[in-house]
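Encoded as structure tokens, the structure appears first; notes follow it.
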Amino acid sequence: MQGHVVPKKTYFFIFGSLLALTALTTGMAYVDLGQWNTIVALIIACCKATLVVLFFMHLRWSPRLMRVVLLSAILWLAILISLTTTDFFSRGWTPIPEGWESSLLRPPTLPGNLLHRR
Amino acid sequence: MTTAAVNLDSRAHYLNADYGIKSWLLTTDHKRIAILYLVSITLFFLVGGIAAVLIRIHLIEPNGAIFEPGAYNKLFSMHGIIMVFFFLIPSIPAVFGNFLVPMMIGARDLAFPKLNLLSWYIYMVGGVLVLYAVIWGGVDTGWTFYTPLSTTYVNTNVISAALGVFIAGFSSILTGLNFVVTIHKMRAPGMTWFRMPLFLWAMYATSLIQILGTPVVAITLALVALERVFHVGVFDPAVGGDPILFQHLFWFYSHPAVYIMILPSMGVVSELITCFSKKRIFGYSFVAFSSVAIAVISFLVWGHHMFVSGQSIYAGIIFSALSFAVAIPSAIKVFNWTATLYKGSVSYQAPMLYAIGFIGLFTMGGLTGLFLATLAVDTHVHDTYFVVGHFHYIMVGGAMMGYLGALHFWWPKITGRLYPDGWARLAAAVIFIGFNLTFFPQYLLGFLGMPRRIAIYPPEFQVLNVMSSAGASILAVGYAIPLVYLIWSMRYGPVAGPNPWGAKGLEWETPSPPPTENFPQTPVVTEEAYAYGK
Amino acid sequence: MADSHAASALAHQFEDLEQQHDAASLGMWIFLATEVMFFGGLFAGYTIYRNLYPPGFAAGSHMLNVTIGAINTAVLICSSLTMALAVRAAQMGKKNSLVAFLLLTIALGLAFVLIKLTLEWRHDYWEGFAPGLNFTFAGPNAKSLELFFCFYFLMTGVHALHMVVGVGVLGVLLVQAGKGRFGPDRFNAVETAGLYWHFVDIVWIFLFPLLYLIGGRY
Amino acid sequence: MWQGFSIRPDQGSTIAQGVDHLFYFLVAIDLFFTAVIFLTIFYFALRYRRRSEREQPEQIEGNLPLELVWTLIPLGICVVVFLWGTSLFIRNSRPPAASTEIFVVGKQWMWKLQHPEGAEEINELHIPVNQPIKLTMTSEDVIHDFSVPAFRIKKDVVPGMYTTLWFQATQTGKFHLFCDQYCGTNHSLMKGYVIVMAPTEYEQWLSGGVRGGTMAEAGAKLYDQLACITCHGTGKGPSLVGIYGRPVKLSDGSTVVADEAYVRESVLYPSAKIVEGYPPIMPTFKGQVTEEQLLQLIAYIKSLGPQEGKASK
């Protein structure tokens, strides 16, 4: 009843990969990829997280139930973020009148793009 | 009567295992913790109930009979916060879930008994903080804590109330966690998933919501508190924050929270209907999976609270479609319960009356939910008394009826004694009538356009408001009756015996009240749930 | 000897050690699922505002020190390694190396929090980037920059709070390990604490690019 | 208590009827299913009541076709209601191009409304009948909600954001305007009226007559504009404070009660009745004031109350 004992070598290999990926993600920030910078950074972060989960957290050797728990957490996070952003990104599709000036309204104190996002 | 007392105490059970206040406050026995919850949520129910009665008395007059608008606002906020977070959400899970989950699966206790006790303490700390907030100075944000009103514009105890709810949230999370682990890992030999009583399926689905939804509202309310303390503007339009984001995060939990309240009641009703018609449930797997389906879909529909909030109309359309989807599993349940009665042997003891009352009120509450999922109609009735009527039909008509049904059904198991059945039936009838008289007029008021949360209303709405208030007084009497006879029965009720209803299920195979370890030895399950044919 | 040890390790509600072990790690995984949603609320808010105000968030990110962020990432990854090794030591019943690895993990965890506190937060505060306490920035994107720093302090703050709790838990385990409480039959506590510790590491793995590396440094 | 009691709200806009049809359709569905469930339960409850403690009912496992029927029928109904409700909603959210735009600002605890011509009002919105009106709304502080039940319209009014609503009133009259989003202490008092007028009346209202406020306030403004005060407040003419409803002694020795007719006559034909002790210097205002304005002046004079120098209202 001591569970699965992982060889030290595996741990050190994962550790090395994590450090390398950290260096990679930091380095990539200095390369101009336009929109892709964020996406590459997130992909690298996901890779690192996967390594930690599978090896350090022993998910690779755990019962299937643990994977279901983890996947449902990720799914629920995706639900929260995707349905919320659905609202924010489609709000601008409804035409809003070009900024009317009313003497009743205090001058807008907003950074601006919240009001007239297209 | 004294002989009865002797009978009960002639053998060791969880109630006489130890005596003294310390034996209760330091217990890790799930049954004793259930009692701790039973006592504390009853106290919170009384506080919230007094607020409800005062609200209804106030609204007898169009100009308000008792309070200034400010005081009225504090009153309905207190009613909402206490009833939602401190009564309805813990009610069936924390009392009957705690008592029954281990017994129904044939275990000695929950997987984490100390965590279970910790949950109760966390709940009490949150509750005391909220009581402090509402009694000394009050909170007037409504239970919804909408920003920027709650963060910037009111001068009441928002911080301690929000923190109280935040803390109580962790109690709910840990309870759910305990149940899920227990149901997964502690089932007695032979207790397969499809032999589990439907109450356990319902508790499992409820726990999923508690685990995955509660943390979001916790962090959201923490942000509200931080925003008040530091005047930083995560939801403040003055800094470019968006108050509608708060609503998204809040309803992400608070819509599923409605199912935390109603799913356990649905589980209870499945137990009661089968027992009192001596029949297995009609369509077991449909009823079981509809619980899980409700839990999952409930996370996809929160935007229907925001149809008129300035949310994008396209998001509104998506949320409307998904909201209809949650109606289907609810309908499946109602039809299956009804079909279970077919060719049964139906008796009408008090728990069954509550169960039938539940089906009736839940049907009416659920169907009016269709109005609120329909974009064009919701635009008219949103934030009116129609909504108030609707969610009271679900949360009071539904959840509360289920809670009382459970209380009457398992009371002999919990205390070892029977209550007077005649009084219990009378109470069920009084509650059913009082409830409908209170909340049906509110649908009409909402259709006429009376906004919710107002202390002063146009005189043409008075007739319906007076009806509603009259109903509330009947309802209050209805809730008081069980309080009296149940307390009476604890001392003077006849001894119940292990299985007074002839019910199936492991919890009925052990003496009442059960011994501390629940079962003399770990039971082995050889038959399906509700095997009333054998 | 082994038998009596095992019997004392088994809580009364469980049938055997395997059931107890499975329950403990399932419980921790479920708890981590709630943690995902807890941080999820913050991540959702972050996603919305970052997409509403890309320039402000990029500007805010450029005020942060990437080098310190990267070093701290490395510190946390080290601590994850030592934690994994601590669990391994517990599994194999090596008391001394368990104590050593726990000590190392605690030290690295504290190092992370101290670096955060002294080199970053203190600096940000005095520079006037602390919304609600000392926010003096008045550039073109001042409002959205303030929002960025709100999220920066909230996310790193909640994360650091989790680190502190983790260090406390490890401290308790350290004392117990010193008394020789753990062994091949009884390492649930170390293992579940390890799960928690790795999770906190993963949160930082996402926070680092999301906060420090926005908008490119080229 | 029964005054104004009704269980059907007014249908005051072009939107209302469509919404009501869908609403009644839903009511019909609700009644149908509630009746089906209740009657079935009652029937089963009586038919299969327990006759002996020892009876053993037949055990029925379930019935797949039946399950499918009661899954698919609600599903079909939901699809119909969803499509109906959504198409209606989309139609109702699209203002016609020719709408008159009115601006709405919510503020704790009042509605400020501004017409395109510049007229401003508080808690009362005057609009012409049969004309599409588009409201562009924002809030100065917390979230409010502009709701006119008779028009079946409602939308939150959110700080930092513009939301819109539109409607076309189909009948003249006075309709409730509520704030439906709880907005703090005096949320209950944040209400008013939408006053739908015939187009000609609306033009008149816009051109200055009745703008804003009560009749008496409008009268006060008029009193000021017509410079009545130069005589009636200085002793050149009789003071008007507290005269309303009291007897007035005239120069011919007779007395009259200062009622509405008397005030009206005095404004239009000043020389008809001269108050004792004052010279007949008042000019006629015939042709300068409309009937409505006369009513306002009367209302103002009424409001001047009994005490000297202070309006009682």
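So that you can tell them apart, the chains are marked A, B, C and D in the order they are listed, and the count of residues begins at 1 in each.
The criterion applied here is as follows: contacts are C-beta pairs under 8 Å (C-beta built on N, C-alpha and C of every residue); 3 or more make two chains touch, one makes a residue touch a chain.
Please read all numbers here as calculations on a predicted model, not as lab measurements.
Chemist: Can you name the chain whose C-alpha mean lies closest to the mean of all the C-alpha atoms?
Modeler: B
Chemist: Looking only at C-beta pairs in contact, point me to the busier pair out of A-C and B-D.
Modeler: B-D
Chemist: Using the average of all C-alpha atoms in each chain as its centre, how far is it in Å between chain C and chain D?
Modeler: For chain C versus chain D, the centre distance works out to 57 Å.
Chemist: Could you work out how far the Cα centre of chain A sits from that of chain D, in whole Å?
Modeler: So the centroids are 49 Å from each other.
Chemist: From the mean C-alpha coordinate of chain A to that of chain C, what's the distance rounded to whole Å?
Modeler: Centre-to-centre distance between chain A and chain C: 17 Å.
Chemist: State, to the nearest whole Å, the distance from the C-alpha centre of chain B to the C-alpha centre of chain D.
Modeler: For chain B versus chain D, the centre distance works out to 39 Å.
Chemist: Indicate the residues of chain C shared as contacts by at least two other chains.
Modeler: 22, 26, 30, 33, 37, 40-41, 44, 48, 52-53, 143-144
Chemist: Which residues of chain A are in contact with two or more other chains?
Modeler: 65, 72-73, 76, 80, 84, 88-89, 94, 110-111, 114
Chemist: Listing for chain D: what residues touch at least two other chains?
Modeler: In chain D, the residues touching two or more other chains are 93, 160-161.
Chemist: For the complex, give me every residue of chain D touching chain B.
Modeler: My answer: residues 1-9, 18-19, 22-23, 26, 29-30, 33-34, 37-38, 40-41, 44-45, 48-51, 53, 55-63, 66-67, 70-71, 74-75, 78-79, 81-82, 84-86, 88-90, 92-93, 108, 141-143, 145, 147, 149-150, 152-156, 158-161, 163, 176, 178-189.
Chemist: If we count contacts the way the header does, which residues on chain C are in touch with chain B in the complex?
Modeler: Listed in rising order, the residues are 11-15, 19, 22-23, 26-27, 30-31, 33-35, 37-42, 44-45, 48-49, 52-53, 131-133, 143-144, 146-147, 150-151, 154, 158.
Chemist: Across the complex, what residues on chain A touch chain C?
Modeler: Listed in rising order, the residues of chain A that touch chain C are 1-3, 5-6, 8, 11-12, 14-15, 18-19, 22-23, 25-26, 28-33, 37-38, 41-42, 44-45, 48-49, 52-53, 55-58, 62-63, 65-66, 69-70, 72-74, 76-77, 80-81, 84-85, 88-89, 110-111, 113-114, 117.
Chemist: Residue numbers of chain A touching chain B in their complex, please.
Modeler: 65, 72-73, 76, 79-80, 83-84, 86-91, 93-94, 109-111, 114
Chemist: What residues on chain B touch chain A, complex-wise?
Modeler: 184, 212, 216, 237-238, 240, 242, 244-245, 248-249, 252, 299-300, 302-303, 306, 310-315, 318-319
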